[in-house]
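The chains carry the letters A, B, C and D, assigned in the order they are written, with residues numbered from 1 in each.
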Amino acid sequence: MKKACTVVLAAGALVLSACSSDLPADSGAAPSQAPGESAGQSEFFDQAEYERQLALRDATPEGPSDKPWEQALEPEMVDTAQYQKDGPHQICFSNASVDNPWRQVGFKTMQAEADLHDNIAEFKVLDAEAKDDKQISDIASLVSQDCDALIVSPNTTATLTPAVESACDSGIPVVVFDRGVNTDCPVTFIHPIGGYAFGATAAEFLSGEVGEGGKVLGLRVLPGVDVLEHRWAAAQREFENSGVQVVGAEFTENDSATAKSIVSDYLQREGQIDGIWMDDGTAAVAVLEAFEDAGMEPPAISGEDQQQFMQKWKADGITALAPTYPTYQWRTPVIAALKILDGEQVPQEWILPQPVVDSSNLDQYLIEGMPPLHYGLCGCQDMPDFPQRWQ
Amino acid sequence: MVVTGLTDEAPAVRMRAIGKQFFGNSVLRDVDLDLYPGEVHALVGENGAGKSTLMKILAGVHRPDAGTVELGGEDVTFGSPRQAQAAGISIVHQEFNLLGDRTVAENVFLGREPVRRGQVDRKRMEADTAELLDGLGERGISPRTAVRRLPVAHQQVVEIVKALSTDAKVLAMDEPTAALADHEVELLYGLVKRLRERGIAVLYVSHRLREVFDLSQRITVLKDGELVTCTPTKELTSDQLVRHMVGRPLEAQFPDLADEAHLGRTRLSVRGGGNARLSGIGLDVRAGEIVGLAGLQGAGRSAVARAICGVDPFTEGTVELDGSPVTPTSPRSAIRHGIAFVTEDRKGDGLALRQSVRDNALLVRRAAFGRARGLGALDLAALLRSVTLVSRGPDQEVRYLSGGNQQKVVLAKWLAVEPNVLVVDEPTRGIDVGAKRAVYDLLRGLAREGVAILMISSELPELIGMSDRVLVMHEGRLAGELPAGPTEEAVMTLATGHELEAA
Amino acid sequence: MAASTTAAPARPARRLAGLLQPTVIVYLALVLLLIVGSILVAARGGMLLDQGGILNILTRSTALGLVAIGQTMVILTGKLDLSVAYLIGLCSLIGAETMGGDPGMIVPAVLLTLACAAGVGLVNGLVITKLKVNAFIATLGMALIIRGYLESAYSGPSGDVPRAFQHLGYARIGPIPVSALLMLALAGLAWWYLMRTKGGYHVYAVGGDEEVARFSGIRSDRTIITVHVLCAVAAGLAGLFLASRLGSGAPWVGVDAGYDLESIAAVVLGGTLLAGGRGGVAGTIGGVLILATLDTIFDDLGVTPFFKDVVRGAVLILAVALYARRRGLLR
Amino acid sequence: MTETSTVERKPRRIRLADGTGPVLAVLAVLLIALAFVGPAYSEPAGYLALLKRAAPLMILAIGQYFVIVSGGFDLSVGSLVTAQVVIAARLIDGEEGATLWVIPLLLVTGALVGLVNGLITTRLLVPSFIVTLGMLLVLDGAVFLWTGGSPRGALSEAFRVVGREGFEVPLLGSVPWSVLLLAALVVAAVLFMRGGTGRTLVAIGDNDKSVRLGGGRVENLRTLAFVLSGISAAIAAILLGGFAGVSAQVGEGLEFRVITAVVLGGVVLGGGRGSVVAAMAGALTLEALFSLLNLLGVAGGLESAVQGVIIIAAVAYASVGRIPFRTRRST
């Protein structure tokens, strides 16, 4: 026993010289997290950001109008000459997960985008399977390989921040999209306008449809996800302002059966509901069916650009609106990474336009033959292998 | 009656006027027992004579209702086996209390591991175990072997060493050879002798009279909870001992035996049957006949039953049913050929205790026949009446029934499939006299209806009283056949491997 | 029931089975996996066991390893603990919030976290032994209760882990993360406890046959409670480790990773009998390393997560079937 | 004790199977509470809606009951439900005509998965907990591997009728088809459990040795239990898919929920005890509880905490209130 200890100690002393840490350098501005107990909506409401997003909805994007994924709103360009490098490149991507249809569509689109560029020798992907800890390892692992650029779609904002910081420190350009991180170190952060805009647009539409005193039910996926919280926070303000009665806000966990049950319960309890606000359209069809099954007219509803919802919308002539969180944003990071490696300027915060599907442009986004959980705003219609690749 | 000791030493244990009742039934009355250091004291008697109870009182499992236990001259009362153990009394149970996946040393010191500086002192534990084994002359067992890998005889040794490791002065052994093959018994002999040499008082409970004579210095015979005699072994012959054990008028009335006229053709016939435990088994049972299968424990009686009933089938020889050859390779096939098997272990093998009387009574019918193919309609109420079951109704869970009624349920479940051959292993074990009589009547009634019955029993009077013929087994073979109404001595002689002087 | 083996001549299959202890099989499988994996990865022009690869495998093993060490002890007594996943989240939050970014609070926070974890384990153990609730139900119920608390009290990551504590999650010696070494040290400690102390002996006894244990004077209730407390503390350590990796506490960090079922999978993959009484920490660590290596190989090969699940499930069933067959041969 | 036979004493009265009483009492209290809290429950329609919602879980509870009562676990039902819905959507792909062969195919698939579970459990002697855990992983991965990550195709209207629509009955109003199907399955399950095979299944959970010696094919019957559980998952999938359409999350967490429900119904883990009606009552109780908590506006977090406390309490009540019955050491 004693002998073994000595050996271990000796070995320990030997390797001590090789001691090192992958802990990212302190950024100084540690994000101050509000303590969880006080988690209310206030935690998620940021007046300035709210106003900025509402304004951004009306801003004119710069860039080719037929390629919204290359457009940017109010871009502040940064210089990337330091990253310029000759191709072909190895682009690396740390994905949070592919555990829902939105991410599936997006990821397929992203792979298709990567295939478009001969300049990409390899597009290497690690999937974190929704585990923060795995994504931290993934990022570290990718950084240790020969990536020319790193794209990150963080699983959680706060917890992935240190990992992204350490990736930045390694000197390779980092592109973050979808959820953000609490640091400015990535070369660019790509995202659509945001949750406030999404929620407000839907709420404005519904307020207009149901009028003052109309009854609206809010259906949310789950609490605690910042983007989703923003959507609801904005909607609440809008409903309050326009005197719409919010009969309830429930969590569906994106389960259609749960959503349908909840709506049925509310229909029984309230007798009538004029509008349905949803922060995620996955269960929208089930919600409409709850009305059908109760023998009621479909309400005004805000959903998303999901295939089955748009199909039902068109087939039944429903009063609906779909503010989107477009899946085409998955194309942008690849484009951005290549631009950076070419030394072209990119916006520091690359805000993508966030189109709204309404009855007038519904046909433009509804493509027959796509799977029920496909997202219309994939921006993939003109890509090679469409539609097979997405089916 | 107290026989004075062999030595002038004070007895290690002195039990006086011990009495014990269970639920109003007196199982021990006024029993005395002295154990001297260095003595092997055999305790014999028929099943139900009170041997186990006496032993359990000594080991602190039960408390006596009357009488005193003195240890080294002082009155003691044990509240638990632990206290008895601490006082130097250990018990070797019939069923092993060992962990198969742990080593010999770990088992021996289980719960009492020596600790040194916060660690279990393996070295000491293994050395002590080796020493204990050594002291018993068992050098072949490594303290580091997993018990699972030892042959049963060695497991028995471990069990004994475990009992000794508490510095036992008194060791009670309950049927220590029950699980052993004959060549393994020799091993135990040596062991017991060495225990004696070390001045340990051994209480040896066994059915095997040869062992009793070979090993013990004194023999105490119990019958029906009372002390019959306590005699130095040298002064007894085997005949005398058997007479002490059984010498009384048969207290149970047995139904009339079959008369030759009512015996039908041969229903079950085994020729040259053999497997790992049996060889050269040949037997016939005719319709209407009850054939008794006698022998000491471990002689292979149950093995014959299990082989015929497809549990551990014969690997050689033939089995014929009503003249046509069959190969019962599983209980299911045996049952479908009309063979029923009332097992020895009622609770372990026979009944689903938490299910109702109805479900148990119908268990075989449902399990082996599915949609009652080939069976007539069943009147459950009539069936339960026919076995004279006393219960609160067919919905009562069988675990709430008395042993006798549980056994009736077991019989009912077999009668429900209308068997042609019925094999019963210890059909009256642990049930009261009244219920025994009911079981006897039932078996005889079935025989009269043409069922061929093979009956195993350790209770000789019962076996003799019930059987139209008796087959005696010894060491996995049939040692002989006796006609109806043999003497117990004759059965015992064959069972202990001796020849009958005159057939 | 005590084993009733008769001395049978050692047939070759039997001898082979005897030689191949589950622990040996696990590590052989691990080596084989590393070789095959290296070849496959090399065929794609990569390298499995470079510094990054080793770092990856070990880092991935750390949290699961910590939980699985605790789970091993519980399973050895024939119980299981389904509450660990939520407990990990809870512990990461308690740790991170108590620290609140203040390095001075590290020690109190660690102590508080482990005390809370031990409390949860104590409740589990008491419910199982005193209320006689099946361990499956008792710990599932505890999981739901913790989940309820997390759902109502937290909406996302919370608390702030000071940098000093984050070193725990990131420091490494060469390619070996310090945390992995600590995990292995804990495994060593658990191994010592199980193999060398009285308490450990009793764990095996209770799992092997509770009745024999009781007859031998072992207080089995106490043993069962102890292993549940130890298991919960191990989960607490995993929570602290994850907090140090993430920089804050995260309510769903244990659940998203499925540490409840995954830890049970790792334990049985390591050759511990689900029914208890046989197995040990060494095998578990092997099981954890196999799962982590599989993960890493699949990542290097760019396999989709769905395929990973299929392989994991199949490996689990196959491994346990193999052990069962081996035991059958030894009978 | 007299020797007279007193088998039949009086005409049979309705007798509740062991353990059914408490759950029915709790259910009654919940249903009455619902009537007070929710105006919708003042008429049959409200309760019919509750039944419709509970139908899938109740049907799963029937299947799980068979497995649990014969001494096993089936953790694979949740992922099996998801897999079935996804398979149905892809195969039907909106074509009404395909419904006719897809539904039988689903039932066969469910049976097949159960068969594999059962065979591995009984022939390879792998504990059912592990087998079905592995199956859970395999199914989870395989189905999305097949569809490329997310569901494809669409369900036909015909497929959805059972789960979604109803028929008019005087007095009751619209009665959902699923309630009718549920009623039919309840009757079938009760008849099955009264029949020979059903009783033998329970006896296996109680003492498999007695069944084997009694000529029963223990392995086959245990396998049958898994097959029935697989089929129940297929039916639940048809109802859930019908009720709410294609979703990748339908089956999430169902395995633990259904085990909770069955245990709540007084069915003992380990087998041999409990009735199928009580198991279903447990499922309905769970759904009624959720509805009540929902109506009372209890937040989601408390919901799972309440669930956790209730199952522990239910099992503790059942086992502490009962005379301890020790099963002899099992190997």
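Here, contacts are C-beta pairs under 8 Å (C-beta built on N, C-alpha and C of every residue); 3 or more make two chains touch, one makes a residue touch a chain.
The structure presented is a predicted model; accordingly, all values stated were derived computationally and were not measured.
Engineer: Any chains in contact with both chain C and chain D?
Structural biologist: A chain counts here if it touches both chain C and chain D, which gives A, B.
Engineer: Based on CA centres, what chain would you say lies at the far end from chain C?
Structural biologist: Of all chains, B has its centre farthest from that of chain C.
Engineer: Suppose each chain is reduced to the average of its Cα coordinates; what separation in Å results between chain A and chain D?
Structural biologist: 37
Engineer: For chain A and chain B, what's the span in angstrom between their mean Cα positions?
Structural biologist: Centre-to-centre distance between chain A and chain B: 74 Å.
Engineer: Mind checking the centre-to-centre distance between chain B and chain D? Centres are C-alpha means, answer in whole Å.
Structural biologist: 45
Engineer: When you check chain C against every other chain, which residues touch at least two of them?
Structural biologist: 1, 151, 153, 209, 212, 304-305, 308, in rising order.
Engineer: Indicate the residues of chain B shared as contacts by at least two other chains.
Structural biologist: In chain B, nothing touches at least two other chains.
Engineer: Could you check chain D for residues that touch two or more other chains and list them?
Structural biologist: Chain D, residues with two or more chain partners: 149, 300.
Engineer: Considering every pair of chains, which are in touch?
Structural biologist: Pairs flagged as touching, ordered by label: A-C, A-D, B-C, B-D, C-D.
Engineer: Using the touch definition up top, name the residues of chain B that touch chain D in the complex.
Structural biologist: Touching chain D from chain B are residues 309, 311, 330-332, 334-336, 341, 343, 347-355, 359-360, 362-372, 381, 384-385, 388-395, 397, 399, 402, 413, 434, 438.
Engineer: Which chain B residues qualify as touching chain C in the complex?
Structural biologist: These residues of chain B touch chain C: 81-82, 85, 95-102, 106, 110-113, 115, 118-120, 122, 147-152, 155, 179.
Engineer: What residues on chain A touch chain D, complex-wise?
Structural biologist: 98, 100-101, 104-105, 107-108, 223, 251, 253-257, 259-262, 264-265, 268-269, 282-283, 285-286, 289, 293, 308, 371-373, 391
Engineer: If you look only at chain C, which of its residues touch chain B in the complex?
Structural biologist: 1-7, 192, 196-198, 200-202, 204-205, 208-209, 212-213, 215-218, 277-278, 330
Engineer: Can you list the residues on chain D that touch chain B in the complex?
Structural biologist: Of all residues in chain D, those touching chain B are 1-9, 15, 18, 195-197, 199-200, 202-203, 206-207, 209-217, 272-273, 325, 328.
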